[in-house]
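Chains: A, B, C and D, in written order; residue numbering restarts at 1 for each.
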Amino acid sequence: MPISDIQKEIIEEFASLGEWMERYNYLIDLGKNLPMIDQAYRNDEYLIRGCQSRVWLNAELRDGIVHYTADSDAIITKGIAALMIRVFTGHTPAEILAADLSFIDAIGLKEHLSPTRSNGMVSMLNQMRYYAMAYQAKQQN
Amino acid sequence: MPISDIQKEIIEEFASLGEWMERYNYLIDLGKNLPMIDQAYRNDEYLIRGCQSRVWLNAELRDGIVHYTADSDAIITKGIAALMIRVFTGHTPAEILAADLSFIDAIGLKEHLSPTRSNGMVSMLNQMRYYAMAYQAKQQN
Amino acid sequence: MSDFPIEQIRKDFPILDQIVYGKPLAYLDNGATTQKPLRMIEAINKIHREQNASIHRSVNFLSENMTTLYEEARTTVQKFIGAPKSSQIIFTSGATGSINLVAFSVGESMLKAGDEIILSTMEHHSNIVPWQMACERKGASLKIIPVTDEGELDMEAYGNLFSDRTRMVSVTHVSNVLGTINPVKEIVRIAHSHGVQVLLDGAQAVQHEPVNVVDLDCDFYVFSGHKIYGPTGIGVLYGKEELLEKLPPYQGGGDMIDQVTFEKTTYNQLPFKFEAGTTNFIGAIGLAESLNYLSSIGLDKIQRYEQELRDYATLKLSAIPQLKMYGTSADKAAVFSFILSNVHPYDTGLIIDKMGVAVRTGTHCAMPLMQRFGIHGTVRASFCFYNTTDEVDRLCDALNTVLDLMG
Amino acid sequence: MSDFPIEQIRKDFPILDQIVYGKPLAYLDNGATTQKPLRMIEAINKIHREQNASIHRSVNFLSENMTTLYEEARTTVQKFIGAPKSSQIIFTSGATGSINLVAFSVGESMLKAGDEIILSTMEHHSNIVPWQMACERKGASLKIIPVTDEGELDMEAYGNLFSDRTRMVSVTHVSNVLGTINPVKEIVRIAHSHGVQVLLDGAQAVQHEPVNVVDLDCDFYVFSGHKIYGPTGIGVLYGKEELLEKLPPYQGGGDMIDQVTFEKTTYNQLPFKFEAGTTNFIGAIGLAESLNYLSSIGLDKIQRYEQELRDYATLKLSAIPQLKMYGTSADKAAVFSFILSNVHPYDTGLIIDKMGVAVRTGTHCAMPLMQRFGIHGTVRASFCFYNTTDEVDRLCDALNTVLDLMG
């Protein structure tokens, strides 16, 4: 499914949810159900520094397709990570880099991804893009 | 004449003057007529540091009586110095140290002698008192 | 509760009457920054509209008036902390600015390779990093007072840290994380018995209890305006006169000099020697208004009311079995750092924010203290005299909602 | 005069509508500090009443909003001076704070015994003393660009000051005493041809003409909020990214760190590395409002109007034969330093103050420049875009009264 369709899907899911408590509940569920990151990657090398919650991120390129895995010690952060992974995983570096992430605004998570929020989410998003860039560069060589 | 009487005299003189221009005019005249300080004292050793105008001050003790002389490169400052000398000169150190200088307020010069004014006038007044203290100590030894 | 005029006081702080996410605001982040009383808001407004002019160096009417207000502000601060002279009050940019000033000037004039500075495990980064930087420049090192499980300074260990290379003790009066009120008089006494000077970081103390620097006998005392209901960008350094006289200046610039030539510059007298450039004179006057406001209520009354709040909150929070509290000293301010079991502090903060309860989560600029307790952060609710028992209840309700959600 | 909306503009500054000693205020002390537009006054008022909260590190609604406003303020400053990235804008306590930061960090990382720093004779003490202090710590020395009788930098002499020990050039963009607008682009070009970096002191420039740091190609640019119609206690340092990355931090404290342990501290990224402790975030947001206000009028229009005022004042003041002007460059701001013959500047200032004309007298924190001209001080009238030709006339009338009185 193209990235834009996945985003539409997520927006529809959130539209059916009520106010913040249901949304957070949903994120918490997503967080709980995110497959565990390989323990090998749950260390400082894969840590994205943020003041508030720790996020570990890894990405692998298989058959031209990027696969992300992530973890966080905070469950809402982990839920958001799960959403981002759902959007990006299974796409080519080029698709990932071209994506505009309008769903973030649409589902009311903008505040979590504002560049001034020191929670590591923005850094996570940037790091996801850096991986895509790195793999794109690799493909072109 | 006791210090308090001299102050009364000055207050009366100023009472007869009109608004600020006449007062400044009077101070300018006082400044112009202040006897020149001995050139020997118009040097850095006798300089009272203030940001705006330079004031030189000397004091001598003769027969138990303090005699002040002063100069300034700013004429209004010099006029005020002339007033202070008129009040203090010819009195004993004890009298000088006991004097309350209510005339300053009464003739509207308070702003010139506020401790926050960086014009050296407060420093001059303090220095006049330091001389009196020094001579008093000398008398007591 | 006591006869504290809480209703009236809340009206003095316009921001408190506010709805966030459809809920009345419960502002419990006073350790980070405090709200502003009308009296200070209006003083600043008036300066901006009617009084502003450069201080100290201009001859005009406005300037004269502004200078008087600024120097009166200094006197207000002096009286507020019981300093002997107003020239011992130096206006800085904040507690951090004050500590950097002392750490730099002490570093340049007193520190040699091999010397030692005593800090504690519970210091705020602002009372660690400046000393680390000075030590690094001079080849000196830090000695650290350990913290007990209750969150108190280990006073016995403290006494054993002194050596003939100890040059300075710098500790916080009240912990910004644990709330612990340290035995600072005793800390000073012990340091002085070794001939060592003490800086007290009053950033979390001076707004909560009457502070008298002569009684404490500390050598330096610092605090921030914005944490004592004043403006941002203004802070205070108090120092003993003979020490301030001896210390070299920190920043260079206008107003702090006597004479400047390219060959040699001589410095102005206290307090100006340490106030380089145009100071935050509007901030200083605003701060003085906040202090006057506090004095009009009475710091002793404020302290008593906050102690009642503290006791009430302690009771209510300890009724939540999944809550682990960090900082359980009997002698503490109304500051509560805790973790709900199996819930990340950040998740807790996010959720209770949606219920109108404003707290702070994270390391609170005290990473060494986090390491001491083996944690990555806490939720911190920090109360002050405009908070109410009702807000304590709302915090507890919100925490229970978190536990339900995460359960 | 041109179609500049001066009536409307004066209404934007409430303080201007004021009577002192029974006379309307003519505020001609803008070089010392500037007055505040309603837009900025109201922004600060609103923060104090409705929005205040700690930035960056708390999770609550108010804090989130305050942080956004603060970082938007940084972007406003970035755009105002044409900086490539907002992370190159560092908020400090003022121009003096900014220069001290650079002088310290450059001193610690680049200066060795025997090295040289180039300043000019017309520098403000804030751009002299910090360098003197750094030189003293490191055994380096100052080289001074002389000033001509017209009050211009001697550019030939400047070119000859460079040696292979030159590490830095730090000069003012516009002289606070003489008004001279220095050829800063040329100054930068020459320094760069020697591989030397340049700090430009924009404290008297950035409020009077459009400034673009990329076009100037300067390595550092500094200015003060209170001189550009903003709050006190806030200032700006712009720097080239690779230089800011390389420089060691200045103050230590909260927010400027990444990790702290007692053994080792690592620093945060730009701009936070240089913003220790709680910054004056309210001041920064107020400053941004002032800049937005200026942009809404247009710096180019402001510059043109001020040039007209300058030309008018030059004409009128030169009609007073007893007036000796210091600073007669063709390329100057509307700043006039002068002495009436046989009248001490202080006497002049005192007398015209009583006529409602607010100026400044003294050395203007530029003693070396005073020595250059063999004087102890001047009267300085400094105009800006809310001043009028009528106020020029009032200044001249007042000066004639002084001459009458002292005659």
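Note that a residue touches a chain if its C-beta (ideal position, glycine included) is under 8 Å from a C-beta of that chain, and two chains touch if they have at least 3 such contacts.
Given the structure is predicted, the values throughout are model-derived calculations rather than measurements.
Farthest chain from subunit D (centres taken as the mean of C-alpha atoms): A. The centroid of the Cα atoms in subunit A and the matching centroid in subunit D are 45 Å apart.
Centre-to-centre, using mean CA coordinates, subunit A is 38 Å away from subunit C.
Residues of subunit C found to touch two or more other chains are 21, 57, 59, 346, 349-350, 361-362. Each of residues 51-52, 119 in subunit A touches at least two other chains. Looking at which chains touch one another, you get A-C, A-D, B-C, B-D, C-D. Taken in their complex, subunit C has these residues touching subunit B: 56-57, 59, 64, 67-68, 70-71, 258.
On subunit D, the positions that touch subunit C within their shared complex are 14-15, 18, 20-21, 25, 27, 29, 32-33, 35-36, 40-41, 44-45, 48-54, 57-63, 93-97, 99-100, 103, 108, 119, 124-126, 128-133, 137, 142, 144, 224, 226, 231-234, 249, 251-257, 259-262, 265, 276-283, 346, 349-350, 353, 357-362, 364-365, 367-368, 371.
Chain contact summary for the complex, subunit B toward subunit C: residues 49, 51-52, 111, 114-119.
Contacts from subunit A toward subunit C in the complex involve residues 20-21, 24-25, 28, 51-54, 73-77, 119. Subunit C meets subunit A in the complex at residues 21, 343-347, 349-351, 354, 361-363, 376-377, 405-406.
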